[in-house]
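Down below are the structures I want you to see.
Shared chain: chain A. Partners: chain B in the first complex, chain C in the second.
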Partner chain A sequence: MLRRMQYEAAGRIGAPFLAALEAWQRRLRPRGAPRESPFGPPLEATRKLKELMTAHYFQGRYADGAVPVAWVTSGFPVEVLRPLGFHAVYPENHAALCGVRRIVPELSDAAEAEGYARDLCSYARTDVGSLLTGSTPVGRLPRPDLLACCTNICQTVLYWYRALAAKLGVPLVLVDTPYVYGEAKPHHRAYVRAQLEELVAVAERVSGRKIDPEELAEATRKAKEGSELWGECLAAATSKPAPWTGFDGFFHIAPIVTLRGTDACNAYYRLLRDELCDRVRRGVGGIRREEHRLLWDNLPIWFAVREISTTLAERGFNFVCTSYTNAWAEAGSRVDPADPLGSAGVAYTHVILNQDLRHRLDTLRRLAREYQVDGAVLHSDRSCKPYSVGQVDLKERLAAELGLRVLLLEADHNDPRAWASEQADNRLTAFMESFA
Partner chain B sequence: MTPSVAIGLDAGSTTFKAVAVDAGGRVLAARVEPASPRVEEQARRVVGELRAAAGPVAADARVGATGYGRKRIPAALALTEITCHARGAFSRTRRPGVLVDVGGQDTKVIRVGPAGEVLDFAMNDKCAAGTGRFLEVILGRLHVPLDAVGEHVARAAGAVAVSSTCTVFAESEVISLVADGAPIEGIVKGLHQALASRVATLARTTAGGGAEVFMSGGVALNAAMVEALGKALGKPIAVVPEPQLVGALGAALAVMAR
Partner chain C sequence: MGVTSWMYAVWWARAARGATLTRIEHIQQQRDRHGRKALAVLPVHHPKELLTALDLLAVELWGPPGPPRGPDAGRIQAYVCPVVRNALAFLASGGADAVDGVLFPHTCDSLQQLATLAPDLGGWSKASFTFQHPKGPPRPSARAFLEAELRSLARELEAFTGRRLEPARLEAALQLHEEIDRIRAALLDAGPRLAMSDAELYALLRRGEWLWPADHLDELRAARSAIQPGPVREGVPVLVTGYVPEPAALLDVLERSGAYVAGDDYAAIGRRVVRARCEGDAWKRLVERYWSAPPCPTRSADQDARMSHLVELLERSGARGVVVHGVKFCEPELFDVPAIRATFAARGVPVLVLETELERELSGQTTTRLEAFVEMLSAGRAA
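Now for the complex of A and B:
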């Protein structure tokens, strides 16, 4: 009871207090002369994003013992857990935060010392390292009552979550999604749906509650709406100049990943969409001088997002779309509140990483045309093999069919030890010079 | 008004290359020397020497810079080696094709278009196993000077297989091979094949099937390497004249055109 009161107070009083404190500190900070920046004016919504994510992680510190806690993979149908009152934690999102804060090497060292190979996904190493050391930029992550894993993004999550389950001694629910060539077959759909029904049974047992079908339909409706709103935010960048950068999108993606199926998520994206549409009307760009528009494929390089976007923006290059941020906009179309479990099974089976290379190529081609790009950077991500396989072929096809200039950039999404700044800068600069 | 002389500097990881060219692209003076860690100083001195060697017409020559040290050189224009090698090579070959530059620190494969433009390129990842450093380290270990490489390869009865995965591992592998009595000539030949196979793999990610293949960079002076790469790619390789100067030449031509 006391724990529940702490959890509620953290959300209703603590988080707004932190936001007010941050605003007050910001006002007190001395302002120097404005620096020469290649970027457009910052988005107003970013402040709200910080508040929202700070509140989520701050409240999470008090979640265990107050409400049921689930650790979930980014491609998991989390809306099924919402009506049962779960506080959902996304280790991948948390790992990305560690990446941005550049604390991954020490966390990874701890995981490697425990026997996890350096060739393993850097998200998994970050997560395991954080668990082993207790080190996190968010103060504290709540211990889970349930681990929820969906294999639609990779097979690594299966072993990663099994390792977590063994370490933490909590139940693991697995949703195994068959890889799709074209369209999922009826037996695929039945197979996934049956697993979602099992998930409901386990989640009900863990939370001690029965799922209310109306509440499930409502959470599903919100998840669908959230995905559509996110899609509208991204689509604003089809305008010239794009009102924000694709790299802004990497940060503003956080709510659709971690708060999908909630009012807070959707309210945020309405705010962001309205601001982006307003910038489009006023012709305000994400960078000051947009001369070339690019597409980005694969996860961001979290620790170097700023470095890369600045290098590019200084020469008039903007990433206006990314296949990664687009993935969360695509999911909504197949979600149906009238059939939450059935449609979730279909929607989550058809995510980009669970579909064949032809679908990847079609998606990249469509994005390239809709966003009118003249080049693409394919991040060959050492840590994400499912996303990186096939990129040499994708590169050739995009160049031959759409006349795009395409760069294959080798890096890692979260481990700066696999990143050579000077070499990457050389490749990006040579790539930009080839547009002259 | 286009200046009559331009200077191009290529501050590479192993060697520092410099040329002064006239408006017709003819090389008036050139320098190749080991790269100094004090690149600004080296650049200043070499520019002075080139100006003196090229004569009074070079007094107002502008400087174009390329190579890893380019950002530290005071120059009118700084461009990457990719752009400069393509430009320099095209000025000599006047033909589109695939240009392979095996440098000290990295290997570049550049698809050059019909106007000398860069259509596409690929470089080795963060590893020296496909670069000139690979040869340099291991030949040093075998006490084979660079100018004796051709002779060694010609004398080899057969090639001894050497791994190309990692320069450091290959070095220890070579030490074991020598200890086991493997012939030095065979190891040198094997080394060339290992490097050629690595470069050919990179070239295949970029090269258009039927395109003509050119080679620039210091390693192109090593005829055994050119031959090994030709065999690995299954086609003859044309070495760009004065291959070591191609990057510096491209930088000079680029600054001349500005």
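Now for the complex of A and C:
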């Protein structure tokens, strides 16, 4: 009871107080002369984003023992857990946060000392390291009652989560989505649907509650709406100049990943969409001088986002779209609140990373055309095999078929030890010079 | 180790005769004599009983080891598993032209991508099939899915071969593979009673990756005579777990150092030997055999279950140390290494973790580590 009160207070009082404190500190902070920046004016919504995510993680500190807690992969149909009152924690999002804060090497060291090879996914190493050391930029992660894993983004999450299950001794629910070569076969769809029903039974047992079909339909409706709103935010960048950068999108994606199916998520994206539309009307760009528009493929390089975007923006290059952020906008069209489990089975099976390379090529072609890009950077990500295998061919096809200039940039999404900034800078500079 | 019995000498003479046959010659022979089509099969788990019942020769493609055969390996980044890179190079360079199609089991992310990269973007233009085995524990949904997936694959292969899958043929194929597994298990369990070197044993077992199963069974039956009533091998027994026994020189180094493989948990070998007797009709047995195989991370079996299996294997085999032998960048195997280390450390059993490339030779560095490990085990010291 006390724990529940702490949890509620953290969300309703503690988090708003922290946000107010942060705003107050910001106002007091001495401001120097405005720096020369290649970027457009910062998005007002970013402040709200920080509040939202701070509140999510702050409340999470008090979640275990108060409400059921699930650690969830980013592609998991989380709306099924919402009506049961789960507090969902996304280890991938947490790992990305660690990447941005540049604390991955020390966390990964701890995981590697335990025996996890450096060649394994850096998200996994980051979170295992955080678990082993208790070190996290969010204060504390709540201990899970349930591990919820969907293989639609990779098989790696399953190896990772089964190791967590063994370590933490909590149940692991799996949604195994057969990879789609061409078309999903009827028995593949039936399999995913059946697993979702099994998931409901386990989640009900863990939470001690029965799922209310109306609440499930409502969570599904909200998830669909959130996905569509996110799609509208992204689509704003089809305008010239794009009102934000694709790299902004990497940060503003957090709510659709971690708070999908909630009012807070949708309210945030309405705010963001309205601001982006306003910027489009006023002709305000994400960078001051947009001369070339680029597409980004694969996860961001979290620890170097600012570095890369600045290098490019200074020369008039803007990433206006990314296949990664687009993935969370695509799911919405297949979700149907009238058939939450059935449609979730279809929607979550058809995410970009669970479909063949023909589909991936089609998606990149479509994005390139819709966003009118003249170049692309494919991040060859050591930590993400499903995203990276095939990129060499994709690069050739995009260049040959669409006449794009394409760069394959090797890095790692979270581990700066696999990143040579000078080398990358040389490659990016040469890439930009090719547009002259 | 030399030949220790006349029966073994007979087996070796027969095996040596058969061993002169290359894969390509065997594929051609099967086509000419029996009209059988051949299917290249990528690692690891596939329904071999189904292929046999449809008169399809499975020729497994574990890379092959060595430098990539052709430039197409460069289409996959160097940080990806060499089995997959080499396989693309092999397929694209015409190395597998003798077969009629390829089957890609859904083993890991990299093989999953190869299954679209080669057929869709270049490298393989003949028929291609996928086998998407379920991941995780044997839930009702997974059992139903596996049977549906097997039936779906069977329909595709019927169209491919132009043959109908007769129930009697499926039953016969099941019996054939059950018999193969029984003898493989007996050979792997023989430990010190096996009058055969590890190099010879593994060469025999790995011929099962491409021989017609009935021919392989003949060789296995003959080799059974190498199992002696009492110990004939000396040395330190070790348990080996990993993906594939490449480079095979690892076995020679173990033997030269004074050790032998008493327990095998290679994905390519021991993890595909089904020991349980499965009941029911042919389809049910096919499904049951999948779930009855030893725990394998590529099927994402429960990690605790895998650790229990390894401990049981260690105890049953009398192994005094564990060699974890992974191929570089193999995620399913690498994710289990910390649990394996912790499991055996808690029992005071030394563990050596080796990560090798898919080369034909073992590096001097790895050889030294193996020699030192065996020396330590021989001296009876803890790790």
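In this text, the second predicted complex is superposed on the first by the 436 of 436 C-alpha atoms of A that agree within 3 Å, B and C clash if a C-alpha of one lies under 4 Å from a C-alpha of the other, contacts with A are read in each partner's own complex, and residues count from 1 in each chain.
By our rule, a residue touches a chain if its C-beta (ideal position, glycine included) is under 8 Å from a C-beta of that chain, and two chains touch if they have at least 3 such contacts.
Everything numeric in this text was worked out from a predicted model, so none of it was measured.
Student: With the two complexes superposed on chain A, say which partner A:E422 touches: chain B (first), chain C (second), both, or neither.
Tutor: Touch status of A:E422: first partner only.
Student: Quick check on the superposed pair: does A:A165 touch chain B, chain C, both, or neither? Answer first, second, both or neither.
Tutor: second
Student: According to the stated criteria, A:L120 is in contact with first (chain B), second (chain C), both, or neither; which is it?
Tutor: The answer is second: A:L120 touches chain C but not chain B.
Student: Looking at A:E433 after the superposition, I want to know if it touches chain B, chain C, both of them or none. Which is it: first, second, both, neither?
Tutor: First partner only, chain B.
Student: Identify the partner contact of A:L2: answer first if only chain B is touched, second if only chain C is, both if each is, neither if none is.
Tutor: So A:L2 meets neither chain B nor chain C here.
Student: Of the partners chain B and chain C, which touch A:E410 in the superposed model: first, second, both, neither?
Tutor: Both: A:E410 reaches chain B and chain C.
Student: Tell me the contact category for A:V392 with respect to chain B and chain C: first, second, both or neither.
Tutor: both
Student: According to the contact criterion defined above, which of chain B and chain C contacts more residues of chain A?
Tutor: Partner with more touched residues of chain A: C.
Student: Could you give the residue numbers on chain A that contact chain B in one complex and chain C in the other?
Tutor: 392, 410
Student: Within their complex, state which residues of chain A touch chain B.
Tutor: Interface residues on the chain A side: 392, 399, 405-406, 408, 410, 418, 420, 422-423, 426-427, 429-430, 433-434.
Student: In the complex of these two chains, what residues of chain B are touching chain A?
Tutor: For chain B paired with chain A, touching residues are 68, 79-83, 106, 117-123, 125-126, 205.
Student: Given the complex with chain C, which residues does chain A contribute to the contact?
Tutor: 114-117, 119-121, 124, 151, 154-156, 158-160, 162-163, 165-166, 172, 174, 176, 178-179, 181, 185, 187-188, 190-191, 194-195, 197-198, 356-358, 361, 380, 382, 385-386, 388-394, 397, 410
Student: Name, in rising order, each residue of chain C that touches chain A in their complex.
Tutor: Listed in rising order, the residues are 74-77, 79-80, 84, 106, 108-110, 112-117, 120-122, 130, 132, 134-137, 139-142, 144-145, 148-149, 152, 297, 300, 302-304, 307, 328-329, 331-332, 334-339, 341-342, 353, 355.
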